[in-house]
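Below is one structure. I have some questions about it.
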């Protein structure tokens, strides 16, 4: 290992000499500058590698005396890592800034170098006063560099920063000198040994002043207005260093002074950190300036890291280095890279509005990076933040830190809200403009994006239970490959994906049993089927296939997941993939956002549940540990269930669904509706098969689930009948249909579950069919409003037949497959005796007829509109799966037992008292019987006979011309006059309007409104006045001290 | 004796500080701040820290004041352009 | 020398008062330098031991008796550094002030509200 | 108005918070462990009579190097902030009174000499590199005021500043090579206690510091006094 | 239970019988209606004449394939409902095809015809037929609420979904009929019956006055013939079902005819007495009165079986 002191020697020597070298030309100076930065990065990286490889950590004793007599520097594992990332970031940001550095005075180079050196010093020094010196070096260099921008915004931000930093330094000095007074040393380790916090209030005060100074540098709420201004105004390359590297160094300082702190102080740090995290992310909701938004996010993340770190230390979890590394380290490195990347991007884009960032779309690679950074910040797989957050929740739950977990997840949720809003805007806003990139700017971005991905992979290995994530490797690899192959035409990729997915399914499915196999068929075979329409899309269809594969990867992994980690990772990957699929729709942006937010919210609630499970059940990650749960089973059940309920869009949590499914592309709608929704159901089955009697106190949760299911059916269907938009109608219908599923599951009986599965299978078949058919129509007629269509049976007969079959199956009218569910529903009602819910459910089911008819009538019947006289039948690739699905429906209608019988047998495992038996093709229960084939044949024969009768008697029927009719003594001349489409069920609205009021929408709107006004209220404290910021700092100090001392 | 000296000196410094803070004229405020430093350097002598005393006198009261004055001068020359 | 410690803290509070109440940037910087002076006084007073002399060995204070006769040299050394750093910061602040005045034509901190919320 | 009182109230609370520092802390009864070592072994180990100097230059030498760097950064920063736009006019030369001019010309060498004296004797008497540097700088300020040389030779200053800094760092590295560690002043023989040429490299380092600090301070003042436009 | 080919013949016979009953009752009720209104009215065999006439008519036009298929769906629905009901209790051969399914099947199969009719009329050339369907569907779904409650109640009471079983449990005299054992539920059922019979006050769907060309009138000639056939069978099928579930069923054709006639008369009387509801009125009426009554009946039923 190279003596790490050379880090400083190189920086100082280069710094001192740069202005001389510059006289020989700027390129010489730049060469030296980059060489110095590279050498520093190299030295620290080499030290890191050496120490990882088992080398002793290096102690540097300056002046040749041992501490505490002289200043010493330390280069251990932590230090080498931190200096390495700081130096590498410094080098990259330096490269990023090359254009600026070429033209600025040589001072800029000097200052930049000194800033980086200062950061190294902050990290390495073990001497308190020396820390102060390095702090000042860093600060002063930073203040000066902020002046690099010759504009008033930057300058005033810099000034505010300076006076705030001045106060922080003051506290640092006071703390330092008093600690010297009490311990007689300045060397940190000796000081920690000599310090006795119990010996008096002054000692506590001394530590407190030191701590508070470090905290102020870490930008706690509300003493952080200056930092926000700096983030917003300063140069992007510089802010990347300030936000990432400087924060990293300061966090490390916090880490170093931790031994001085006691429990109360640690709790104070935790409280401050988490409060900052939640509030700054709350305020982030109101931000429209990208850089300020990033500022809020940075401050929040730093707060999160310090809060979490303090709690880990306080709870003793930090004594396990791996825990500290995975949780705090993961959160940290995630933020470190992603935030730097985003600030660099900000520099490239140079727009002052979130919408303006759409220019990134001109360069797909940049969008990809942007996505990587945003997703990493939100904490989604496969990025380190995800694993860190997961481990955090596990550890916190184990230690019983529920409140902290809630705060962390709340803050993360708020952050996700604004980050995804931004992402959506970038992906969807239309407009002019472009981004110019250079190699120097592209390099740091590329490297950081790659680093995030690589680290994500690394964390997935290091995390406990991470080996289980292997199940995701192969599919994710395919997704990654598809990113690279995105330049290929769509049909090639489509074929590739279909082939590989079929192959994967072929490998996977035989290993599954029971309901897993059934879901496997739905997820994978269904997935392949629904990829076929992809051939109808021309061009490259950029960005479709990677995410489609990601979604299916998540789904497939869900099937075979055995640990909570696998389940959750698969869940998130699936969500992520589907989000990107959904947002492809033309007007999808707000709906995709609400989909994502509900999903993330649900996932976080679920995560709480999984964490709790981990905590109370002996730190087990196995899903089977749900079964042996003895305490808190009800709460865990409820939390996990809520996550799944969000995905199946139960009433109240459903408001994302209509837009998300309705606005998606033709082949995406059936994917997310027919397939994706089943994931929630699958989750529920996994959960409920483990916890059979979920009680909270004396309340049986399943009882309320059944009510929720019934109400969902009723309201979902009721809302569907009012829709004018064909796809939204189908979407609301999905809400209702999943209500049946929930209801059936809540029965907790053999037959109940069978009902549920029958509904699910059927829903998959008909909803895929309907969405494809309607999607095909929408592709052709370019509108989704049903009242603008009509008479399309003449132009699109196959689609018509699909819809006809689909709605018969949907409505449950015999002889088609939908009837199975209805029949079973009556049976389970008798069995279970929950009549009231059942009644609501059945009434809801009746209402379904209304929208079913409307769908087929308004689109296909009535009169053809003038502008649709030349539309063609939907493209063949869209029709083929429809035909397959129709055959499948017919088959399932005739032989329901072929599916339900084996699944029922499997369910006996959970419910030994099976209540349904099979005689050939007849299903028998204690209450009734049903022979699907007989019904189909009888109906078929009757139909054929009557048809034959009519053919015989009326075989010469002549087609009447469209306008060859008279009504009300008028001969209509326009098709609109002969087609009633708008507000078709007006009388229903008149009669039952009260139920159609969007209470849920209003509720969530209210929540959102509340959050935004709270955000607006809070952020008003950042008045922009530097003096007010000082008041905040002093106030912050006094208040925290009052809390710490309890008086 | 020495205590009285310190107390008197302290009172003068506090008065000077209050005056410097509340003073309307920037020039006098700067000079008062310089005076505070100068008096502080006397106190450093009392505290048996001649090195500090020298430094404070040279830097704290001397150079700092000069820098202040130069800056004020520069600002004055810029004039008000609003 | 608790008296000087107290004086130091009083100066600190007065300086902060100036920083918080004066809107002129120069006055804020003056407040800051008063705070600095206060801190330095506190620091040096911490290192003082009653009835001892400066930590410089000469004829009157020999090597042998030094241990019992001199004050703590460490705070002095620290303060030396702190003073220089204080100057550096003050100078930079003044540079900011000059620059801000040049661009804005005003020294009022209330006018620097380009960025908020 | 309310704001004013609120601030006062806040300051009151703040002062109250700081109270334990005054009421609960007793002065040192004896030297701290670290100081004891410095006082006891310092003169022998380093050969410096001024213990503060030995602490500054050697025991806490890294602080001092950092401090020099801080000043260096500040000088760069101030110069950077107040840089003139490329095509600025030449500064107007101001005429000072004749007495001041001739007085300055007479005084300047003396001031310079005094500064050099201070840093060379840093290990013996109060004062050292910083103080000396300041004195040199104030001499140059005098020159500026007198308008003797409104345009201080940037090149010379640059060279002094850069080279003294670089040599200082190089001496530090020599410490690793020749003595026990970075910035160890025992690269030169300790010499006879109390002599000018003693205390190892302390006088040398102090000189370098003096030169560098002086140059830096002049840089700051120069940047401040230069006329815009 | 189980299927034997001979059943097909018996079923056809059963169908034929019920068709004639339907035709006759149609005629008779229209006569009664006219007499109440102090008109002379038609001959009781008039429906037969109309039917023959319509089948013989030659004005063969169509608005499209669905228009053509609509009546097919409709009649299939009507016949199907009947064929899934075990008409004569205890008769091995007049049990129709009830082996294929139970009460639930019948309940849902009622919609088969409704849907088909709606589809057919939907493709008709006139906007008003669509309005008629909209009203019809709305009203049907509302009227189905008491219907479902009634059937569910019966299923709860007898702990079975099989119509045959329900009838079996009602054997042994009038005291065992649901009418007696659970009058509240039967009341609900009778309300539902009204709602599904498309008679006043719930006949706005057919509403010839407001809508000059209601859905059936779109159809003519053979189409109308098919629909008329259905109008003979379908109400009878429903009536037979009600009879089975609430009125003890029938062990021979005589009892069946008597009971069916009496139950049918109920709707006729109400229809004669009450004026017509608007659709939103009737929806609200079913939700406001029938639903609560149904809930009370359900509660009573669940108490009853305890």
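Descriptive notes on the structure:
Per-chain residue numbering starts at 1, and chain names A, B, C, D and E are given in the order in which the chains are listed.
Just so we're on the same page, contacts are C-beta pairs under 8 Å (C-beta built on N, C-alpha and C of every residue); 3 or more make two chains touch, one makes a residue touch a chain.
Here the structure is a predicted model, which means the values were calculated and not measured.
Taken together, chain B and chain D share the touching chains C. Farthest from chain B in terms of Cα centroid separation is E. The chain pair with the larger count of C-beta pairs in contact, out of B-C and A-E, is A-E.
Averaged C-alpha coordinates give centres for chain C and chain D that are 16 Å from one another. Distance from the chain D centre to the chain E centre is 106 Å, each centre being the mean of its Cα atoms. Averaging Cα coordinates per chain places chain A and chain B 58 Å apart.
Between chain C and chain E, the centres computed from C-alpha atoms are 98 Å apart.
Of all residues in chain D, those that touch two or more other chains are 7, 10-11, 14, 18, 21, 25, 28, 32, 34-35, 38, 50, 52, 60, 63, 66-67, 70, 73-74, 77-78, 81, 126, 130, 220, 224, 228.
Residues of chain B in contact with two or more other chains: 49-51, 55, 59, 63, 67, 71, 74, 78. For chain C, the set of residues that touch two or more other chains comprises 1, 6, 12, 16-17, 20-21, 36, 42, 46-48, 54-56, 70, 74-76, 78, 80-81, 84-85, 87-89, 91-92, 94-99, 102, 104. Chain pairs that touch one another, listed by label: A-C, A-D, A-E, B-C, B-D, C-D. Residues of chain B touching chain C in their complex: 3, 6-7, 10, 13-14, 17-18, 20-21, 26, 29-30, 33, 36-37, 40, 43-44, 46-52, 55-56, 59-60, 63-64, 67-68, 71-72, 74-75, 78, 80-82. The residues of chain C lying in touch with chain A in their complex are 12, 16, 19-20, 23, 25, 28, 32, 35-36, 39, 42-43, 46, 74-75, 78, 81-82, 85, 88-89, 92-93, 95-97, 99-100, 103-104, 109-110, 112-117.
Per the touch definition, chain D reaches chain B in the complex via residues 50, 52-53, 126-128, 130-131, 134-135, 137-138, 141, 217, 220-221, 224-225, 227-228.
Note for the complex: chain A touches chain C at residues 129, 133, 136, 140, 143-144, 147, 151-153, 155-160, 162-163, 166-167, 169-170, 173-174, 176-178, 180-181, 186, 228-229, 232-233, 286, 292, 1019-1020, 1022-1027, 1030-1031, 1034.
In the complex of the two chains, the chain B residues touching chain D come out as 49-51, 53-55, 58-59, 62-63, 66-67, 70-71, 73-74, 77-78.
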